[in-house]
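Quick one: the structure is below, questions incoming.
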Amino acid sequence: MSKRKIRLSTVAGYVFTLLAAVTVLIPILWLLVSSFKTDAGVIKFPPEFFPEEWTLYQYLYVGDSIPIFKMTKNTVVFAGGVTVLSLLFDSMAGYAFARMRFRGSKLLFSIILLTMMVPFQIIMTPLYIEVYKFHLLDTYLGLILPRATSAFGIYMMSSFFSGLPKSLEESGRIDGMSEFRIFRSIMLPLCKPALVSLGIFHFMNNWNDLLYPLMLTSSQNKRTLSAGLAVLVGNKVIKYGPTLAATMISLAPLLILYIFCQKYFTEGVATSGIKE
Amino acid sequence: MEKNKGKRKKYVAHNQKCAYLFLLPSMFILSVFVFVPLIASFVISITNMNIFMKDVSFAGLKNFIQLFKDSRVSNATFNSLYFTLLEVPLQIGLALLMTVCLAKNNRYCKLLRSIYYLPFVCSMTAIGIVWSMLLDPNMGLFAYWLKQAGFDTIAFLKDPKWAMPTVIAVTAWKGFGYTLTLMAAAVLNIPQSLYEAADMDGAGGFQKFIHITIPGIWSTISFCIVTSTIGAMQMFDQAYVMTQGGPLNKTETVVQYIYDRGFQTAPYNLGYASAISVYLFVIVAVMTLVLRKFVLNRGEGADE
Amino acid sequence: MKKKIVSTLLCAAICLASLAGCGGGAQGGQDTASNAPAGTSVETADGQTETAADQAASGEKITLEFWNVFTGSDGDILRQIVDNYNSINTDNIEIQMDIMPNDQLQQKLPAAIATGTAPDIVLFGVENLAPYVSNDSLEDISDFWEVTGVDKSNILDNVLELSHVNGKLYGTPMQYNVTYLYWNKDLFRDAGLDPEKAPETLDELAEYAEKLTDPSKNQFGLALPTNVTYMQFLWANGGDADDPETNRNLLDSKENLKTLEWLQDLTVNKKVSPSSITGPEADTMLQAGQIGMYMSGPWQINGLRTQGIDFGIAPCVAGSAGAFSPAGGCSYVIPKGVDEEHRLAAYKFMQYWLTDDILKEWSQKNGFPVWSKTLMEDSEIQNDEVLNSISKATEIGRPYNLGYSLASQIDKDVMIPLFETVMTGAATPEEALKKASQAMDGVLAQ
């Protein structure tokens, strides 16, 4: 009796998950193939999924309009720098909140949470002036530093750390390790999956960010890819063809990276299962 | 628990210093680049100031009085709440449901989890452009397919009634894969022995889900609820790209109205925009406090 | 293994941080001139100080930072012109162009002006002049004609007027535009209408629009985006929105009510326009040949040409009071605080733009109307079919809230919501007008 029931629900699960996968894939596939359409093909009526005529024209147009490679380099430095720094700082702070007791911990944690509640648009102008006063406008450091830690990351790391068994650092303490060694040698390796997932999160967010890098850079040569590509989305006239190609260009490195990381990521989850 | 408390007290003094050291970099960056601008905008909210930052004068509570009379503020508040109250449960519910099906480490589950994660990789701008093109009632592929299939189509983003639900659906579509990944990771970390013990007790699949899985990943769930609620209350990008707040201001959120007052519409009233953001800040802070109290208490209760 | 990961991470963090610092510093050194903000003494990212005048004296390049909002295809042509200027000018001026979407420019420019990091030239819509001037954020360039020797009497008065606020010159004209009526000749033929004759009155417009609408083909007679204003309709029947001179609210009038009733009939009952469409979406449908008629600026011409649509351009239709078309344009302006050296260099580029060769190139490539009197005599211009058809449409241009600092707020808070409410049928024209009139009172009271 129960076997039958399980089978039915398993089938339902497969149907449901596959349907969802199709829903997820179709728009992204459409974006991919549509970036090879001609201008006329993109706005054709009645619309068609595949292009009638495949063309690289839109990509060439984007390549002519903006310095893609320079912008890609800027984006890698910006998103990469932010990711590395904030992984370090976020996990340190998260660890302190989750595994250490100190005066004001609850208050501090609440204050950090509060910083998530500020819409970025509103602190933008004061931030611009601040970065200017530090003479960091239009520099990589000025782009990276304000983003080098985030309340989200701290919160995420702390909730991950608090899920780990409490006996772990006790054994380290008994061995006489320093707090930093415990953090480095015992705790950090355990949170590889969380670090990878937070790293991807930070990298993608900063890679895709538009307003922030646009505000803090003042020349095209310092601009990041997505901020640079925004220029192609017309003001009075939207050119859909180049817009789609530009979207694919900014997406492609992330997709490649994601496919690469995803493997690492699921493996990380599998091996870090607590063996107790 | 009680035993641990006694033991841990010994470490408190030593820990204290270490803890502050661990916190130092983050606190420094957050204070300089978030708190200072935040305090600046609090101060700006009680002044008459536009983005040109000339002729600043003290306004007292004028901006706050004005915002409570402004019908677009109440409209935007309603829209933000509407979005949050539907989007967060939808995204987390969907992810939980998927977790039940996909929290295994076989090939199929891994592949599907990766697929679901895909939209999250894309920028909201890209997603917004793609969906608004596909759903365009006149030229869009999906709208066309639906029409061909004989459905009486709705205008999606163009219909005042359906615009917000469409924005919600697209947001959940983009985000559920990420939530799923977090939850699946948490589920896979639950010791297998717990399930084996439950099997011996003769527990069914649903009972195991309620009594083992949910408590086991509660800290992740509560993290997801709190962060997505905070994020949803600040919804901006989606509406900015897909609807610009329309039709008839039905998708205009609080942040969007802040942006409009401060940066899009002359006289670029930064004082007023800041006042609205203080108002939003208070709403979100209260919501988060309530949520944390409610969500965390339940979590701890489930832990015991 | 695990240790390795962590230490790699740590090292990477430290290296990156220091690298970023160095990188930033070095770059700052190289691009000193481009970083040069307003003011004679310039502090760059790495704290180096030098003056703009020194650079010029030593024969170094003067780099002008130039921000604009030309993100579409016209941006490509602008870029070509600027690149060409960089290579041919003899004054050792190099212009570094930075294009950004209008919203971002509006968020960034005031902060840049306040911190003295503003660019040397900005190109944006003339509707921005008044709010910037009332905040003392643009340089008064009334001496432009005298300094450069450009003959201002060669420029049409109504175009020149767009760059003035309170009688002072704050910009030099870059382009001028009014709203035209575009029509698709093929669709006219299919509907049995004369493809060479555009509607001339409001009634004809409505009649044609109905004939051109065919839901079975997803074809609409007249696209009416809901995110813009339709002053041409209000004016045609003798109505108006407000009087900027006296701060008076002119909305609540019989004329306006009549116009709005006509408009609601057209969109809600006759459904001649796709519902709740935005400007760019209407552009797309026009280019795809799904729209019979559409009112928009010159920037449609390029797209229609590339899509091979057989189209005509006519003036906006007339009502009982005549035919009018809202005028707008873009001007080059100099943000407050730009030093003398850069200002004079900027003048040089503005002067270059005002030469007939450049104006001709811009008009011919983009289909923008010509406003230089000598250029109007040019035989090539006179024989250009598109430019010919728009010159008539340009004559009825009428400024709308020009130089009025409340202009954009009136548009966004009063007029656009009014038209949207009426066209979507969310309220009767009477109710909508009453509500809009109250909103207008609120805005004007400031």
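Each chain gets a letter, A, B and C, in the order it is written, and its residues are counted from 1.
In the analysis below, contacts are C-beta pairs under 8 Å (C-beta built on N, C-alpha and C of every residue); 3 or more make two chains touch, one makes a residue touch a chain.
The structure displayed is predicted, hence computed values, not measured ones.
If you take chain A and chain B together, the chains in touch with both are C. When chain centres are set by their Cα atoms, the one at the greatest distance from chain B is C.
In this assembly, the C-alpha centroid of chain A lies 15 Å from the C-alpha centroid of chain B.
Centroid to centroid, with C-alpha atoms defining each point, chain B and chain C lie 36 Å apart. Across the assembly, chain A contributes 43, 45-46, 88, 124-125, 230, 233, 240 as residues in contact with two or more other chains. Chain C has residues 107, 111, 114, 218, 284-285, 288, 290 in contact with two or more other chains. Residue positions of chain B with contacts to 2 or more other chains are 51, 138-139, 263.
Those residues of chain A lying in contact with chain B across their complex are 2, 6, 9, 13-14, 16-18, 20-21, 23-25, 27-28, 30-31, 43, 45-49, 88-90, 92-93, 95-97, 100-103, 105, 108, 112-119, 121-127, 130, 145-146, 148-149, 151-152, 154-156, 159, 162-163, 166, 170, 173, 179-180, 183, 193-194, 197, 201, 204, 207-208, 210, 226, 230, 233, 240, 243-244, 247, 250-251, 254-255, 258-259, 262, 266, 269-270, 272-274, 276. Listed in rising order, the residues of chain C touching chain A in the complex are 2-3, 5-6, 9-10, 12-13, 16-17, 20-21, 23-25, 27-28, 31, 34-35, 43-47, 65, 69-73, 75-76, 79, 96-102, 104, 107-108, 111-112, 114-115, 117, 119, 218, 279-280, 283-285, 287-290, 297, 299-300, 302-303, 306-307. Partner chain B is touched in their complex by these residues of chain C: 103, 106-107, 110-111, 113-114, 128, 130-132, 134-137, 218, 220, 226-227, 274-278, 281, 284-285, 288, 290, 405-409, 412-413, 417, 420-421, 424, 426, 446. Across the complex, chain A meets chain C through its residues 39-40, 43-46, 65, 77, 80-81, 84-85, 87-88, 124-125, 128-129, 132, 135-142, 144, 184-185, 188-189, 192, 211, 214-215, 218-222, 230-240.
By the touch rule above, chain B contacts chain A in their complex via residues 4, 7-8, 11-12, 14-16, 18-20, 22-23, 25-27, 29-30, 32-38, 40-41, 44, 51, 97-98, 100-102, 105, 110, 112-127, 129-131, 133-134, 138-141, 144, 173, 177-178, 181-182, 184-186, 188-189, 191-192, 204-205, 219-220, 222-223, 226-227, 230, 233-234, 236, 254-255, 258-259, 262-263, 270, 273-274, 277, 280-281, 284-285, 288.
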